[in-house]
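Listed below are the structures to be examined.
Across the two complexes that follow, chain A remains constant while its partner is chain B and subsequently chain C.
Right, the complex of A and B next:
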C-alpha cells in the first residue's frame, strides 16, 4: 500500500489530480457545515447577479439563488450519485464476471451472451430506455448509469478471472477441499481486486459525466434539487445573456472529471508493472552513445571492433550486457560468435550498427571501425546509409522479424528503393532475381504472399534474400537457423556458405550451437557473461578448446555414432546482469578447475599464437 | 463473401436479444397506455376498446411476437404525440443524426490517429506534451458544456457561425449552409472520442515500435518517416480499428446531448422529447432502430478488419 502511494506520488500529474479531488471532496461534503446561503431560497430581486457581486461570490441564477451554495451542494450530489453508480455497477459487474470466468461453460456462455447484447447498445440508448421506464429522477438516472456500465465491468473481470482460475494454486485449493465459494472469496478475489480498482478509477469519471448528462437533459435530478448537470441545463436557457450560470457548473464538472482522470491514470500506471519498467518508451533509431573517452583503434581491418561495451539502463543504473568486446573480421571471412543466451552475443551484433533499442540500451564505450570509419562516431543519416546497404542483418525468427501485414515482394523491394532512389520496376526485378538466388520455387506466388503464409524455411530464405539486396559487404546473421528444424537448417547453412564464398562476403555468424558454427565459420569467438573468453581458428577450438567454459560447452553437443552416453550439462546458470564492480572470472562459480586466485582480479585475455584465451589456467 | 453471410447470420441472435430487451424494458413502464392516449377523462369502455385495438389485452409473450412480426415488416407502430408512423419520423430524423455523427466519427478517427501517432513519434518533445495535455483536457470536457461554450464564443461573440439548427431558416438549405451549421456540433461531438483515439493510438504505436519487424525495417536502412508511415501505421490501424468501432457508439450516444444543445433535428432529440412526453412507441422504435444500425456498423468494422489483416482467417 505504501509502495503504491509512493508510485502515485512520483507521478506529478496523478498527485495533482489526487489533491484536487481531495479538495473538491472535502469542500463539497462540508457544505452543510459551511456558512452558506440556503441553495433553494428564491429571491427574485437578486436575479442573475454576476460573480463577485456583494454577498454572492459566484453570483445568482435565474431565480436569485446563490450560485456558490448551489454549486457546492450540487457537487456533493453529483459526486455521491456518480460514485454510487460506479460502486453499484462494479459490484454487480464483478460478481457476474467472476461467476462467468470461474464456472465457465454454460454459465459463462449465458452470462456473456447477455452482456454481448447489452454492449450492442450505444450506452445512452440503454440509459434512456431505462429512464423512460423508471421515469425521470436523480435516483433513477443513477440506476440507469449503473446498469449501463455493468457489462463493461463484467467483461473486464471475466477476462482476468479466466486467467487466474486456470492457475495451479487454484487447482491446489480445489484439491485441498475448499468449496468453490471459498476459493472465489479467498483465492480469486484478492487477485482480481487490483483490476476492479483500476476499472473503477478509469470509469468513475465517465459515470459522473453520464449522470450529469442525464440531469442536463432533464431526466435526472428534478427541481428544486439540483446536481451539476441540471444546473448546467438550467443555465443553458440563459446562456447568451447570462453565461455565468452555465460556466460555473460546467467548470466544476470539468475540474472533477479531469481530477478523476489524472488520478485514475496514476492508479493504472502504478498497478500496471509494464509501464514502470519503461517499455512504452519510443526506441530511438540509433542506440544512445555515452562514450567516456575515446578508444584508440588503429586497426586497418575490414571490420574492427574494439572495447565495445553496451549496457541497459534501468532506474539510472547501468547493467552491462557486453564488456570490452574486441575482434576483427577480414574481407571474405566468416567469424562465429558463440555463447549461451544472455552472453551478450546478440547485443554485440546489434551494437555494430547501433540497432540496440534505446532506451534502455546505451553504448558506454568502444569503437567500431568499418572500412576505416568509426560507426560509433557517425550521425544517424550516415549509419542509415550503411544499414541494409553495406552491412545487412539476418535475424532469428522471421515470423516476428518480417512485417506481418506487408507482402513479401514489397518487403524485398524496400531496401533497394531506400538506398538506390530507383523506381519500383528495377526494385521488382532485383527482388525476384534475389528470390531465385535463394532457390525459392514459384517466385510469383511467394512475391504476393504474406509472411504467415510461408513455411519457416521459406521465410528464412526470404530474409537472406532481403539481406543480399544491395550487395552488402558484411552480413551479420543473428542465429539465422535457430527457429528451423534440422534438415531445413542444413539447407539454409549450405545456402549461406555458397553465397558468401561466391560473393566474397564477410559474415559475422551468431549462434549458440557449436555444430552449426563448425560447418560455416573460419574463426570462432566464445562469449561468456558479456566477455570474450576464447578466440581462435574453428578447427583449433573444436579439437583443442583451452577455456574451461568452451570445453564444457562442447561436451554438451551430442555426437551421432559415438554410442550412448549421458549428455553433460554445465551446472549453475550464467550471470544475467553484470555489474561493473564484480571482479574476477565470471565463469568461476561454475568452473570445474577454479582456483583461489581466480576471483582476486579481472582476468586479462592473453594471446598465444593465433588464439586468445581469458583464463589463468587454460587447458594446454 | 461466405464470411459476410456468416457474420450477418451471427448478428441475428444479437438483434433478437436487442428486441427482447427493448420490448420488455418498455413494457415494464407503469401505467396504462390507453389511459395515457385518451386522457384521464376517458370512459372505461373506451379504454377497454382501445386496449383491444392496441392488442394490449393479450399476454406479454404473445404481444412480443406480434410486435416482432410487425417490426420485421417495418411497422413500428404510431407515435401518439406526433400522430404519424414511428418509422417515418425516425427515418426523417436519422438522416440528420447520421450527418452529424458520421462527420464527428470521421473527424475523431482521422484526427485521433494522426495526432496519436505524431505524439508517439515525438515522445517527450514539446509537441508530444502539448498534444497529451490537449487530449487530457479534451476527454475531461463534457461535450454539452463544450458545445455551449463554443456557441458563446463562435456564434454569439465572434458571430462566425450560426447558433443552432441544421439549416438557416431563410434562404438556407444548400450544402454550404449545412457545413456552416455542422462545424460546431461536429467538433463538439468529436472531441472526446478524438482524445480517446489519440491516447490509444499513442500507446499502440509505442508498443509497435518495440516489435522485431520494426528493428528489421531499421536494419534495412529504411528512413524514419517510412518506418512510421509504411510499417508502424499499417499495424496501428489494424489494432485501433476495434477501438474505432467502440467510438462509433460513444459518438452516437454523445449526439443526444449535442442535438439538444445545437437544436439539431436528429433522433437523439426526438428520443428525449418522446421520453418526457411518454411517447412509448416512439422511444421503443427509436432505440431499436439506432441499436440495429450500430450492430450493422460493427459488422462493417469487422469486415474491414478482416480485409486489412490477412492473418485473420
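Right, the complex of A and C next:
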C-alpha cells in the first residue's frame, strides 16, 4: 500500500489531484457537522448577495439561501451519486464483460450485441429516455447514468477477460478440478481487478458530470434539495445579472472532475506493470555510453571488441550484463557465441552497434573497433550509417522484426533506398535478386505477401535477404534458427553458410546450441555469467573442452542414439544478473572441479596456443 | 485395438476446425488439425509424440486431456469413455503439463495457493492435510519450502517447471501429458528436469505422453514413439528401433536434420518444406512434396498403415 502511494506520488499532477480530492471529500462529507446555515432555509430579503458578504462567505442565491452551505451539501450529494453510479455500472458491466469474455461464442455474441445497441444511442438521450420512463428524481438519475455507462465497462473488461481466459493457467485451474464459477472468481477476477479499478477511476469524473447534467435539466435532484447540477440550473436564469450563483457550483464541478481525472491517471500509471517499471520511456537511438574511453585497442582486426562491459541501470544501481568481453573477428570468419539465458551473449551482440535499449542500458567500458574505427566513439549519424549497411543483424523472431502491415517487397525496397538513395526501379530489381539468392521459390508471390502470410522458415529467409540488402561486411545473427523446426533449421544454416563463403562475409553467430554452432562456425566463444569463459577453434572445443562449464554443459545436452537413460546434469541454474561486488569464478557454485581458491579472486583469462580459458584448473 | 492392458486408448480421433467462408456465405470450410488417429498407452509406459510445428500434436494432446472436444472418435481412460466420467472427475485420472512453466501459474497467486487448488477441488482435503501434502511434494521435486509463499515471477524457468510437475502430481492422476516439457528451459537445466521426470515415473508408477519437437528429448525419456506429420501418425515404433532404423522417409529426414557437434554442415538441396494446405488436403500422401522416395503412386494414393517386423508406418516405399 505504501509502495502504491509512492508510485502515485511519482506523478506530481496525480499527487496534486489526490490531495485536492481528499480535501473536497473531507470538507463535503463533514458538512453536517460544520457550523453551516441550513441550506434550504429561504430568506428572500437576502437574495443575490455577492460572495464575501457579511454572514455569507459565498453569497446567496435567488431565494436568499446560503451558497456555501448549499455548495457543500450539494457536493456531498453529487459525489455520492456519481460514485454510486460508477460502482453500479462497474459491477454490472464487469460481470457482463467477464461472462461474455469467458464463455465466448454465443454467450459473447448475445451480450455484446445488446451492449452495441445500448452504445448506438447518444448517452444523454438514452439517459433522458430512462429518466422519462422512471420519472425525475436523483435516485432515478443515478440509475440512468449507471445504465448508460455499463457498455463502457463491459467492453473494456471483456477484452481483458478474453486474453486471460486463453492463458495456460486457466487450463491448469480447470485440470485442478475448479468449476467455471470458481475459475472466474479465484483465477480471473484477481487479474482483471486492476483494470476495473483503473476504469472506475477514469470514468467517475464523467459520471459526476453526467448526473450534474441531468440535474441541470431538472431531471435529477428536486427542489429544495441541492446538488451541483441543480444549483447550476437554478443559477442559469440569473447568469447575466448575478453570475456568481453559476460560478460557485461550476468551479466546484471543475475542481472535482479535474482532481478525479488527474488522480485516475496516477492510479492507472501505478497499476500498469509496464508503466510502473518506467519501461514506456522512449529508448534513445544509441545506447548511453559512460565509458571514460581509456581502453587501449591497438588491434588491426576486422572487428575487435575489447573489455566491453554493458550494464542495466535500475534505481541508480548498475547491474552488469556483460563484463570485460574481448574478442576479434577476422574478415570472412564465422565466430560462434554460445551461452545460456543471462550469459550476456545477446547484450554483447547488441552493444557492438549500440543497440541496447537505453534506458536502462549503459555501456560502462570498452572499445569496439570496426575496420579501424571505434564505434563507441562515433556520433549517432555515423553509427546509423553503419547499421544495416556495413553491419547488419538477423534476429530470432522475424515476425517481430518485419513490419506486420507492409508487404515484403516494399520492406526490401525501403531497406535499399534508405542507404543507397536510388530509385524504386533499382530497388525492386535488387530486392528480387536477393529473394532469389536466399532461395525463395515463387518470388512474385512472396514479394506481394505480408509477413504473417509466410511460414517461419520463409520469414527467416526474407530477413536474411534484408540483412544482405546493402552488401554488409559483418552479419550478427542472434539465434536465427531457434524458433524454427529442425528440417527448416538445417536449410537456413546451409543457406547462411553458403552465402558467407560466397561473399566473404564475417559472421557473429549467437546460439545456445552446440550442434548448431559446430555446423557453421570456425571459432567458438563460450560465455557464462556475463564473461567469456572459453574461446578456441570449433573442433577443439567440441572434442576437447577445457573449461568445466563447457564440458559439463556439452555432456548434459541429450544426443540421439543413446536410448532412454539418466542424463548427466549440472546442479542449479545459471545466474540472471551479476552484481559488481561478487568475486571469484561465477560458475564455482555449480562446478564439479571447484577448489577453495576459486572464490578468492577474479579469475583471469589465460591464453594457451590458439585457445583461451578462464579457469584456475582447466581440463588439459 | 482397445487392449485391456491399456490405461488410455483413442480410436479414430479427429479434429476439424470449421470457419464460415464469409459474413454472408453460410458455406463453411474445414481446417484439418488431427485426422483419424488411433493411440494406446499402457500403464507405466511413456509414449513420445514427435513432429514439427503445425503437425497437430498439441491439439491431439489437449483432446486426450479433455481440454478440447474432438470432432469425432472416442477416447477411453481406464476402459471408460471420457464422456462417461462425472464432471471434474477426469482430472483425477489425466493431467496436462504445459510448455511455458511461468504462464501456467496464475501471476497473482502464491505457489502455495496454486498447489492447493487440486488438493482442495479434486481430492477434497482439509487445510491441514493440504499443507502436509504440499510440503511433502515440494521435497519430491527438490524445491525449498520457503518458495511456497512467493509469486510465479520470482522463479526461474527450471524452478517453475518443478512447480508445474508438483501441481500435476498432487492430483494423483496416473496419466500425465507433458507438452514440450523442457523446450522453454536453459540447456543446463533441461537434463535435470528430464531426470526428475524419469525418477518420478518409476516412483509413482506414472504413464507419460510426451510431446516434443526435439528428438533427443523424446529418446531420453520414452519407450515408444509416434511420429506425426500433417495431423496423421506416419510411423509408430519402439523408441530404440525407431532411432536406429527409421522406416518412414519423414522420420529419416527429422533424424538427419538434427545438428550434430562432430560434423560440418552438409549442403541441403532445397526441397519444399511447406506443409500441405490444411483446408484442401492432398489426395495422396501428405509428405509427397518433400519426400525423397516418392513415385507417381504416392501422389494419388494415401498409404494405409503397414506392419512390418512389428513396426507400423504409412508409406509405400519405406527406407531400409
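The criterion applied here is as follows: the second predicted complex is superposed on the first by the 448 of 620 C-alpha atoms of A that agree within 3 Å, B and C clash if a C-alpha of one lies under 4 Å from a C-alpha of the other, contacts with A are read in each partner's own complex, and residues count from 1 in each chain.
One rule holds for everything that comes next: a residue touches a chain if its C-beta (ideal position, glycine included) is under 8 Å from a C-beta of that chain, and two chains touch if they have at least 3 such contacts.
All figures in this text were calculated on a predicted structure; none of them were measured in a lab.
Enquirer: Applying the document's definition of touch, where does A:509 land relative to chain B and chain C: first, second, both, or neither?
Expert: neither
Enquirer: Of the partners chain B and chain C, which touch A:397 in the superposed model: first, second, both, neither?
Expert: Touch partner of A:397: chain B, not chain C.
Enquirer: Scan A:447 for contacts with chain B and chain C and give back first, second, both or neither.
Expert: It touches nothing on chain B or chain C.
Enquirer: Between chain B (first) and chain C (second), which, if any, makes contact with A:191: first, second, both or neither?
Expert: second
Enquirer: Once chain A of both complexes is superposed, is A:587 in touch with chain B (first), chain C (second), both, or neither?
Expert: neither
Enquirer: Contacts for A:493 in the overlay, against chain B (first) and chain C (second): which applies, first, second, both or neither?
Expert: second
Enquirer: Of the partners chain B and chain C, which touch A:132 in the superposed model: first, second, both, neither?
Expert: In the superposed model, A:132 contacts chain B only, not chain C.
Enquirer: Going by the contact rule set out at the top, does A:439 touch chain B (first), chain C (second), both, or neither?
Expert: Touch status of A:439: second partner only.
Enquirer: Would you please give the residues of chain A that touch chain B in one complex and also touch chain C in the other complex?
Expert: After superposing on chain A, no chain A residue contacts both chain B and chain C.
Enquirer: Under the definition above, what is the set of chain A residues touching chain B in their complex?
Expert: Counting only chain A, the residues touching chain B are 113-114, 116-118, 120-126, 128-133, 136, 205, 209, 212-213, 216-219, 232, 235-236, 239-240, 243, 246-247, 250, 253-254, 257-258, 261-262, 279-283, 285, 353, 355, 357, 384-389, 392-393, 395, 397, 400-406, 414-415, 418-419, 450, 452-453, 466, 469.
Enquirer: Hey, which residues of chain C end up touching chain A in the complex?
Expert: Touching chain A from chain C are residues 52-53, 65, 67, 87-88, 91-92, 95-96, 98-100, 103-109, 114, 117-118, 121-122, 156-159, 167, 171, 186-192, 194-195, 198, 213-217, 219-223, 239-240, 243-244, 253-268, 270, 272-275.
Enquirer: How about chain A: which of its residues touch chain C in the complex?
Expert: The touching residues are 167-169, 171-179, 182, 186-187, 190-191, 340-341, 439, 441, 455-458, 485-491, 493-494, 497-498, 512-516, 518-520, 542-543, 552-554, 556-571, 573-574, 576, 590.
Enquirer: Quick check: in the complex, which residue numbers of chain B touch chain A?
Expert: Residues of chain B touching chain A: 13-14, 17-18, 21-22, 25-26, 28-29, 120-121, 123, 136-137, 139-142, 144-145, 148-149, 151-152, 156, 163, 203, 206-207, 209-224, 226-227, 230-231, 234-235, 238, 248-250, 252-254, 256-257, 260-261, 268, 271-272, 274-276, 278, 280, 283, 287, 290-291, 294-295, 298, 308-311.
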